[in-house]
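After this come two complexes, each holding chain A, first together with chain B and then together with chain C.
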Partner chain A sequence: MASKKIHAIYTDDDLLMQAVKQTRAANYHISDVFTPFPVHGLDHAVGLAPTRLAITSFLYGLTGLTVAVVLMNYIMIEDWPQNIGGKPAFTFYQNMPAFIPIMFELTVFFAAHLMVITFYMRSKLWPFKKAENPDLRTTDDHFLMEVDIANHDVEKLTKFLYDTGASEISLIENEQDH
Partner chain B sequence: MLLPKVIISKELKRIAKDMYTLPSKLKLFSIIIMVLGLAGITYGFLTTPKTVDDVKKILAEQDAHHGESHADGDTANFVDTVRNEEGYSEAAMEHATDLKPEGHGMSSHDEHVLHQMQTRPWSATFVAAFFFLMISLGVLVFYAIQYVSQAGWSPVLYRIMEGITAYLLPGSIIVLIIVVFAGTHFFPWQNEELVATDKILQGKEGYLNFPFFVIRAVIYILGWNLYRHFSRKNSLALAEANNYDYYRKNFKISVFFLIFFMVTEATMSWDWFMSLTPHWYSTLFPWYVFASMFVSAITVLALVTIHLKSRGLIDFVSDKHLHDLAKYMFAFSIFWTYLWFSQFMLIWYANIPEEVTYFIIRIQEYNLLFFGMLILNFVFPVLVLMNSDFKRVPWFVVIAAVFILIGHYIDIFLLVMPSTVGHNWGFGIPEIAALLFFAGLFIFVVGTGLGKVSLRPKNDPFIKESENYHF
Partner chain C sequence: MSSHYEAPIREPLVLGDKSYHDISVDVGAPVLGKANKSWWIVFTISLIAFLWGLGCIIYTLSTGIGVWGLNKTIGWAWDITNFVWWVGIGHAGTLISAVLLLFRQKWRMAVNRSAEAMTIFAVVQAGLFPIIHMGRPWLAYWVLPIPNQFGSLWVNFNSPLLWDVFAISTYLSVSLVFWWTGLLPDFAMIRDRTTSPFQKKIYGILSFGWSGRVKDWQRFEEVSLVLAGLATPLVLSVHTIVSFDFATSVVPGWHSTIYPPYFVAGAIFSGFAMVQTLLIIMRKVSNLEDYITILHIEYMNKVILLTGGIVTVAYIIEYFIAWYSGVPYENYVYLSFGAATGPYWWAFWALIICNLIVPLTLWVKKLRRNIVWTFIVALIINIGMWFERFDIIVIDLSKDRLTSSWAMFQPTFVDIGTFIGTIGFFFVLFLLYARTFPVIAQAEVKTILKSSGESFKRLRAEHGDDHSHVIVQEYPANAGPAANVEDKNFDTAFSDSKAEDNVDTVAAEANKGKINSLLNTVGTFDPKVEEQDDLQKINGIGPVMEQKLHQIGIFTYDQVSRMTDREYDLLDEIVSEFPGRAKRDDWAGQALKLKNKN
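So, the complex of A and B:
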């Protein structure tokens, strides 16, 4: 589908935040924003749904904890009971204090790694992937806001964006969405 | 000509809006519980058994009541089963002379019980007194950290912190009186007969002797209160000044206070808590006490902030500030657990008789409190405050705060009680009364302290950033 978009470039993150708020208040639709670094509160200002990554992280953490418990129970209690530190108790709960560091580490390990992998999958990132940002300067010191034109008047929208402090405005016509 | 008048009245109105007065009902409540508490504490001191015969009578009554349930098999026990060695803990406790009758220079078991029963009101008062002292002291440290780190988010809370630290002066003086006059009720090393027969205590005499002990205690309290006095003075002067000289002064004295505090907090925890059992030591003990202090302090700061916010007095404090306080509660609950576990696991794992006695008595005699406190101090705060949105919901924070405060009261209880009254502990009139008295005093002093000046700090270089704080 052919879509028309305007790329407005800003040179300051505070200016960008303000512009995002004004643009949304004027009922224009922002399809994306590209920034060289995470801008605090931007996701809220653009109106993105809260991330569910934290929930997956919690579940991964529980998985890690379970793996640790099962693992320690199998190797230290059931399969090959070991008398270490003079504690030949042979039950899980009596030896548990010694296992807590492992339980903690595996919880963190699972939560962190699986969360990062989930993040890559959700954002469709993988090695050798071609960069999607429309303007290379957004990886350095510029901020880009992408606004859908839809059925708005281009002239008016351009004027509006210019008033929000955009330093550069360009009209993009895409044959298909990337 | 009308204009200046309008401005003045507006200014007055704004000041009045930021002024806090302790609600009369709360004031009355605090006075009532203070009176009740004082009566209970007096009762506790007056009803301790006076002679060995009294003790025998009490013990006989207790035996008659639950003679059967007190079978020895019940208390032997976690340590023995873990060690897989019947009688291990008993053998270990045998060497812990500082927990045994001989440790207090007593010849008989009954005399020892008498000593512990006489100690109980002292311990009960000390636990509550220190619990509220450490809250105001912790807030003072938090305050100093904000200055030293030149924090941009927190200056809106400065007047609230200063209000809570108003309790430091009365609180610290009471604690000073208790630790100085408790004598051998608390500190076995003050018993000269015992020291004469104990090589370990003789070796520690250079540090653990009464004159030096008193000098140290006075230095701590002087240092903390001087910082509180001058930082408050500078902070109020800053509001009237037209430059940042007082701010710079506060920055400097805060740096020195933090250094002073880190040293004196360590020695304070050795003096007042670790020397209750002078044979036992743990190198991370000061940090452990500090963690408890800091998390309780921030929790109370959050509670007071919520209270003032609910009365509409601090509209310049947003839910973002509450969010940050709740983050601190969450983080330092985990920090406390980390230290608790680090201390516990190393001692449990090594299982060296002179070290493990500390946990044997706590696990055998205080089992429910000892492990229950982990749930209150770790599991509940983590689950309640984990979600980022919940940290901005006042009643969620209040629920977590109640768990944390109960948990850390138990923590202080477990620092003092097992080492001083041992098996003869209870949670009765002396404990509840002490808790009531110091809670009442705390509410009264902090309430009046908050009401002295406008709650809105002025002229702080970061106040604007703090008021506009968002993330």
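So, the complex of A and C:
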């Protein structure tokens, strides 16, 4: 099924914010917004749910901590206990103070890298990925709001967007939904 | 908008009348332009130094560590000095991007990219030294806890040297990821601005297909914040652990509980000095003086003052405690009366003068804001911090508990060559970076333009804090943003389908993008202040063409004279009747002559 969208281009972030709010208030559906820099509060204005990446990072950090504990317990306590500089190696608990630096490093290592990998996967960012910003100027100084036409009247909607301050408006017909 | 308010007493962080587009242009210029002669000269010198260092490293590895100046008493010298020096330098980048992000310091945005680049390149140099020192670097993987052919001979997790392996590799990889994530939107900007297909491809790959969706930005900001939160303790832990290499030993002068905080402060101190050294040159060479301002330099000088002060206090405490302990061996440590008057007096005083005395001049505001003086001080601190590590390692080792084994250290040409080689390697990497990477986090700078830009601050000063900051080049709704008035300025959005019957009119609405892009370069015509010229005087422009140019918005010779091949092509696309005419007749050249005649 063909989905029709309208791309409205703005030249200013404040104007875009206002347009987003007005468009949402008029019950049009904004399917995406492309901006050259993070516009403060835009995600909230568009109505996006907060991201859960910080939570995943916390869980990854716990994973890293567990890996560090299991690794060092196996190597230093179970598999090959040694007397190194008189540091007690009978139990993990006794030897633990010497393990804290690595427990910390691995926690950070897992939390940081796995979170970033999750971010790249979720946002579909990787080498050789084709960029999907519909207008090249959206990485420079233009702001593009994509509005679903659905069953709205195109003329009315474009006029509405024009009055929100859009400097350019174009009609996009996609053959396949994605 | 009140959300852009910033106290007027704060000096602007972005100078000049900048728009968002200007920032893209200024940051993209070094990448999209050509390298000048001085770049090639400095690059060649660095490359020669690097190759010399590479030769020294190969000589070391093929012959053995014996080619260094080490002796039985001083078993660690330049290698570990250079290692700690480079790791220390590698601290400012993540400090700027992480700690200052948590503290919401806006000035970090102009300097964080280069500081992080410097961090990564410096840590690469640092990592070289332990690997060379292993003697057999192809067995470097033995430092990792992997099952091996010697039964279960594991690495020793009680050792600070192994902690170093984990700390530095975590630090390097997390800094790299932090840096690259921040680079994605800026690579995307270069990708979308370049006209060369090769660059487009390369930056397309580097930018990971960044599109700037609102959801991506939301995640981007969250990831940046969490990474900053993780990197802040990380950056402190790295130099803490480096200091453990010494502090957990029983050598007098090394066995010191003050080491972790003192090393961290020293690392930030030397890291900022290196940032100053690099950025003072780069802002000049790459024409970024509007972004890396005198204010940024002053802020960094204040950080240098603070961390230099901490280091000073640590030195004094070390000196005092060594004396107060009454232990005779402590009189040989690097901060003691014995060191100040002994055979290494020159190293002791180099440390005191470079790290304690010279930075004190930065208390004077005039000197703090003096670029030349800042540069000199930064160089002196770089030297002083190298001597600090040299003093800690060599002076402390040179007089051990057995008088008969006291010795001095004499570096060989291999020691010196390897060190100079890493400096060369560092500059090779940094110079390549400065030519190929967006050296300023332009996306972030754009977010502070309205609050901290000079022109916007001036607007607020003139028109009050509620002044609208909307930048609009061409306003369909002239009454102001989004005044939803019926039928105002609105004909029809998609005229191209029906209104094609009138041959003489340019399909203005359909070509709006092209027209805007054309006008962006040639400039718009303001009937209030300018007068329109007789375009028909240009050979090749007749009455029909003139009318079309007027419809597009071109009225003056000045505008026509700014046209290049790109604009000719755009014009041909908009007005399809006379393809190639403008180029053939060289309208721009003709217009320039007519303009100068007027």
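By our rule, the second predicted complex is superposed on the first by the 170 of 178 C-alpha atoms of A that agree within 3 Å, B and C clash if a C-alpha of one lies under 4 Å from a C-alpha of the other, contacts with A are read in each partner's own complex, and residues count from 1 in each chain.
Assume contacts are C-beta pairs under 8 Å (C-beta built on N, C-alpha and C of every residue); 3 or more make two chains touch, one makes a residue touch a chain.
Note that the structure is predicted; figures quoted are calculated from it, not measured.
K.L.:
Figure out whether A:Lys130 sits in contact with chain B (first) or chain C (second), or with both, or with neither.
P.N.:
Only chain C; A:Lys130 stays clear of chain B.
K.L.:
Between chain B (first) and chain C (second), which does A:Phe109 come into contact with in this model arrangement: first, second, both, or neither?
P.N.:
second
K.L.:
Please indicate which partner A:Leu65 is in contact with in the superposed arrangement: first for chain B, second for chain C, both, or neither.
P.N.:
So A:Leu65 meets neither chain B nor chain C here.
K.L.:
Who wins on chain A residues touched, chain B or chain C?
P.N.:
So, of the two partners, C touches more residues of chain A.
K.L.:
With both complexes superposed on chain A, which partner does A:Lys87 reach: first (chain B), second (chain C), both or neither?
P.N.:
both
K.L.:
Between chain B (first) and chain C (second), which, if any, makes contact with A:Ala98: first, second, both or neither?
P.N.:
A:Ala98 contacts both chain B and chain C.
K.L.:
In the superposed arrangement, does A:His40 touch chain B (first), chain C (second), both or neither?
P.N.:
Touch status of A:His40: both partners.
K.L.:
Pick out the shared contact residues on chain A: the ones touching chain B in one complex and chain C in the other.
P.N.:
The overlap between the chain B and chain C interfaces on chain A comprises residues 40, 54, 85, 87, 95, 98, 101.
K.L.:
In their complex, what parts of chain A are in touch with chain C?
P.N.:
11-15, 18-19, 22, 32-40, 42-43, 46, 48, 50-51, 53-54, 57, 61, 71-72, 75-76, 79-80, 82, 84-85, 87, 95, 98-99, 101-102, 104-106, 108-109, 111-113, 115-116, 119-120, 122-133, 135-141, 154-155, 158-160, 162-171
K.L.:
So in the complex, which bits of chain A are touching chain B?
P.N.:
It comes out as residues 40-41, 54, 58, 85-89, 94-95, 97-98, 100-101.
K.L.:
Over in the complex, which chain B residues touch chain A? Could you list them?
P.N.:
For this pair, the touching residues of chain B are 81-84, 341, 344-345, 348-351, 386, 388, 470-471.
K.L.:
Across the complex, what residues on chain C touch chain A?
P.N.:
Residues 1, 3, 19-21, 24, 145, 152-160, 162-163, 166-167, 170, 173-174, 177-178, 181, 184-185, 188-189, 191-193, 204-223, 225-227, 230-231, 233-234, 237, 241, 244, 442-444, 446-447, 450, 468-477, 481-485, 488-490, 492-494, 512-513, 516 of chain C touch chain A in their complex.
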